[in-house]
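In the two complexes that follow, chain A is the common piece, with chain B as its partner first and chain C second.
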Partner chain A sequence: MILDSPSRSSRSAPAIGAVRRDFAPWKDPGAVPLIRYEGVRKRFGATAAVDGVDLSVFEREFFCLLGPSGCGKTTLMRMLGGFETPDEGRVTLAGRDLSGVPPHLRPVNMMFQSYALFPHMTVAGNVAFGLKQDGLPRTEIAARVDAVLDTVQMRGLADRKPDALSGGQKQRVALARALVKRPKVLLLDEPLGALDKRLREETQYELMDLQVALGITFLMVTHDQDEAMTMADRIAIMDEGRIVQVGTPAEIYEAPADRGVAAFLGDVTIFEGVVQGRDGEGWTVASEPAGCVLRVGEAAGVAPGTAVGVAIRPEKLRIVAEGDPAPANVMDGEVWDIGYLGDWTIYRVKLASGLIVRVSQANAARFVERPVGWEDRVRIGFDPASAVVLTA
Partner chain B sequence: MKGLSRIDLAALTFGFAFLYLPILILVVYSFNASKLVTVWGGFSTEWYAALFRNKALMDAAGVTFRVGIVSATIATILGTMAAVALVRVPRFTGKGLFTGLLYAPIVMPEVITGLSLLLLFVAIDLDRGFWSVTIAHVTFAMCYVAVVVRSRLSTFDRSLEEAAADLGATPLRAFFSVTLPLIAPAVAAGWLLAFTLSIDDLVLASFTSGPGATTLPMRIYGQVRLGVTPEINAISTLMIGAVALVVIAVSLATRPRAAR
Partner chain C sequence: MIGRDAGRGRFLLIGLPWLWLGVFFLLPFLVVLRMALSDSAQARPPYRPVFDLSDGLSATLDKIAALDLENFRLLWEEPLYLDAFLTSFRLAAATTVLLILIGYPLAHAMARAPARLRPILVALVILPFWTSFLIRVYAWIGILKPEGLLNMMLRQTGLISEPLEILNTEAAILIGLVYAYLPFMVLPLYAALERLDATLIEAATDLGAPRWKAFWLVTVPLSLPGVLAGSFLVFIPALGEFVIPDLLGGSDTLMMGRSLWVEFFNNRDWPLASAVAVVLLVIVMGPIMAHHAFETRRAEAERRGGRS
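And now, the complex of A and B:
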């Protein structure tokens, strides 16, 4: 197999967040998407499970559908597998309209949320099943089954029945079974849901490496934001059957489209306020909860008088020690709560307005000269460029 | 389990005696050396030997056996198909009625089923004999098969079939390589149930049978009217044994897997 895995280390100048790798076909206007949802709708009785979705996924992309439970992620994915038919709109794969194509004729494979391993077949039998349907010669089937079981490190258990496997092992078999047919697209419905935290993280990186190595397009469903952020090239945030925002993890985290996305992905404090006027490159926002006029960076679609939310992430706020140079925005408050997480400490600081602001600090040193304690009066602050101005 | 009180014990004894004493008497007397059915004359297996020399009885046993095998097999195929269709088909208006109609023959008095089948066979001019009895048993038994298979299918994980389809199996192959092996115990139980129903049946057979296709229950019933012979006891004991074996097999086949 030829592996032209894109380099992971290249760096192009000022970009938002961390750049994972040099792979961004969605920025190329000439690129043709591999998967395309066009105005897709699906109702179940009174609920609109998918409510007008337009989405493009490119070849070799690792794409994540992220959203709260019941927002239609599984339904959207099952339409690509052929297990649900859209009421409206269409789904195309490599330019071909998939309407009316039954599941067994679609060049995609799915790893089911419940794994759906055949309990009456061995691990090897499960993996061989798909190849047998294609009528491949026996020797080739055996060779490919062995190879893929090697990849997922399950060769030693090839003769076990699924009942005799642990959750992590089942997950590997399900993955192997979906991969062995070398599909154009691999659909993964919460593939790591049943694993414990440590195994989950390990598997996340394994899956990412595998995806780059095999060059298969991955479409993954999850409701775990860390998982989506870690693994995906791009994420689509879904809510109530609609796509709210599509972007790289960094774009979605650093430039959320609205308050909902900002709050869904990671921690955030939102200072509600009204735009006052220009301030150099940016704007000033009078915020009652903050108890001051905030300076923020450039923002599109605002003018004096616009009601906005100034969103700031905990790690972009800091506690300003006496004598330190103060950032452009400072507020006084009282330490309400301290959560020590080992690598980070989270301070919940209560402002005069009663608003509680979360501030996190990396514990870079083992000992601190002047530790911050409960009920201490502190001064917190952030730079104008760290905040996001939300109009929706 | 707590110890049983005397009343419990008495109730249990009485209940079991009520259920099994008649059968026990029949079994015991089948080994009676005396020709008189009600007088014990010592242990003997001569009636079993006599049985195998009784051509009429043996012929009837053969007919019953063949009708049982053929009708159980056809009923299993049809009943399984009906169950799969009922579980698969998305909800439609009248599905409840349709389901009810499938199960109706279970509660229908057999006399009515028998009579209506007889009328049908006369109307279409079907010769009464082996096939008419077999068809009658199929119509009756397939409902039971459908009930058994349907209850197993209702707990069947549909995502297994979807996985099979996803991996390239046509609906037919998905059914035979994934669904069928997994519901096989219920299908087997359905077959055994259909088989016992068939070999037990007297009413439907009486209505739909013809010359040369006398079943064992018909033959026994006919002979008993002329007086009970130890031979009848012997063949009845064999039937009890056969049915008991089947019932045990069914309960083993449909027993939920032991918790791991």
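And now, the complex of A and C:
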């Protein structure tokens, strides 16, 4: 498990997961962030909504704040829009301190979760609203409104009132209205939350394409991990007002900072244990729940005697068929539940210790000669490099 | 079976309000209308019906065709009544405008107050209703009369040396009307403003509008139905108001409600009083129907999704 270090270029380093673009300003020590949160705190009554956040977002980045509801992600984003003021710390945009700058003077626009379309104006009226505030000439307003409505494929409905639009159409209008002023940063508050699943997926890719095409920095808030993983260049995981981890989707998924992140993002089984000693390139961990000594890869900050969690994702575990070469770590168990999802099958395997381990297998073939059934005794296993050693 | 029962249920549901309207509005109105077309007489009741359905249908129709509309003509030709109408109209309009100016900021502040305070604020607006209307108007006499509370305070603070003549003027009526009808303006406005999504204002400021402009471009247009509803609730009863002009306006002020009263009780001219009532109703119906037509057209336009 090797992460890209800033000194190496992304090309030569062994990258983990999918690398979307040759775009990683956060790895460049010389790059100046566009948005910078510095020691930001905000309290609502007795609870700290944002509890000491330092964060940098770079130009043209698609950045996502991800976390459970009430973790402070929306408050953090609204500070950039000017709708919340930090009690402590400051927020800067392109080097300019935003303290005391009212929302209408900030070069950012927001797409609201409820869309917040003006019900008494037509689609075109809604989109033109921001341009009118800037006092642009009427012909330019009309041209820019038409252009942005073309972009979101809503030009044919320019004369409709918001009440006469479907959810997906409203979403497009809200997006057009926020984009038409060509903001430095577009803030997106759960932009796809109100759409149904199929439309959401489609819109995700459209938003990504649009972001690349326009070159605008996107700062998105969501509680939906799939959404964040799909769209974002980098994700900040938030919990109880703090940022727990910042990284690319692959880094966060494959190298979670702690047990909380590992469990929040995707499925994971964690074998608690104690480091025994070195084993070639890695370590051995004696784990009672696993019922054996596990071999794991390299891990930082670990010495014999350290209590660790060995985290393994379901898709990196496999059911070892009889006669197949066994991986370094194998455990015996009983099939407790089977969830057939079509593309994947999830097996919940109960070990002798009582721990239930999730194993997923891609259904690459339509028919299997000897399918695994309920209550079958099976042997599951994983390679040392597939596991993550968690110390926190 | 079920279908027929459901049909009957629906018929009852729709029929009952119509029955109510028929018995308690349409029928009395027809009685008043017939009275308005009749001549005054020394009798009991003090009028001579112009027609009677017992005459037979054709005779009745003949008589209706031969109506002279004398009472209505009198209302039009006699400047006294025209004056009364204009005074009523002016005062009702002034009351409505003043109430929009006073009620809007009040309702806006209520709607923006913390959610747990709002029911208390609404209760405070309604609280005066717990005291009799008449007593509250009498209390204003105590405040406004030359040696009353207001004059006393103004003289003590040295703002005036001579007592202000407020009672028995139009100003007193206006004060009384504004005071009495405040809740009728504030409550519909509050309902409209409280329902208004606060993120719309955020969206407007986010798009570059300063707060005052966001208020003007978003809050005001979206609360117009509330303003309209409040204005009707105030204007219509204020137009026919009798108690307030009678108690605070003195004998000189003539408003339609007072003329009606005077004709009916003092002059015992029931037909003329009825004619005043019919005219009042027609005047009031005009704006209501215009409003209704406007709302219907707007709803239709929104449903079709076209320009409105």
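As a convention for this text, the second predicted complex is superposed on the first by the 379 of 392 C-alpha atoms of A that agree within 3 Å, B and C clash if a C-alpha of one lies under 4 Å from a C-alpha of the other, contacts with A are read in each partner's own complex, and residues count from 1 in each chain.
Please note the rule applied: contacts are C-beta pairs under 8 Å (C-beta built on N, C-alpha and C of every residue); 3 or more make two chains touch, one makes a residue touch a chain.
The structure presented is a predicted model; accordingly, all values stated were derived computationally and were not measured.
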After the alignment on chain A, I want to confirm one thing: do chain B and chain C clash, or do they fit together? clash
Contacts of A:153 with chain B and chain C, given as first, second, both or neither: neither
Name the contact category of A:122: first (chain B only), second (chain C only), both, or neither. second
So, does A:99 touch the first partner chain B, the second partner chain C, both, or neither? neither
Chain B versus chain C as contact partner of A:161, first or second or both or neither: second
Is A:85 in contact with chain B, with chain C, with both, or with neither (first, second, both, neither)? neither
In the superposed model, where does chain C crash into chain B, at 97-105, 115-123 or 295-303? 97-105
Quick check on my understanding: which residues of chain A belong to both its chain B contact set and its chain C contact set? 81-83, 102-105, 108-110, 112, 114, 116-120, 129-130, 133-134, 163, 177-178, 181
In the complex, chain A touches chain C at residues 81-83, 102-105, 108-110, 112, 114, 116-120, 122, 129-130, 133-134, 159-161, 163-164, 177-178, 181
Inside the complex, what are the residues of chain B that reach chain A? 157, 159-160, 162-171, 173-174, 177-178, 181-182, 260
Tell me, which parts of chain C touch chain A in their complex? 197, 199-200, 202-211, 213-214, 217-218, 221-222, 302-308
The residues of chain A that touch chain B in their complex are 81-83, 102-105, 108-110, 112-114, 116-120, 129-130, 133-134, 163, 177-178, 181
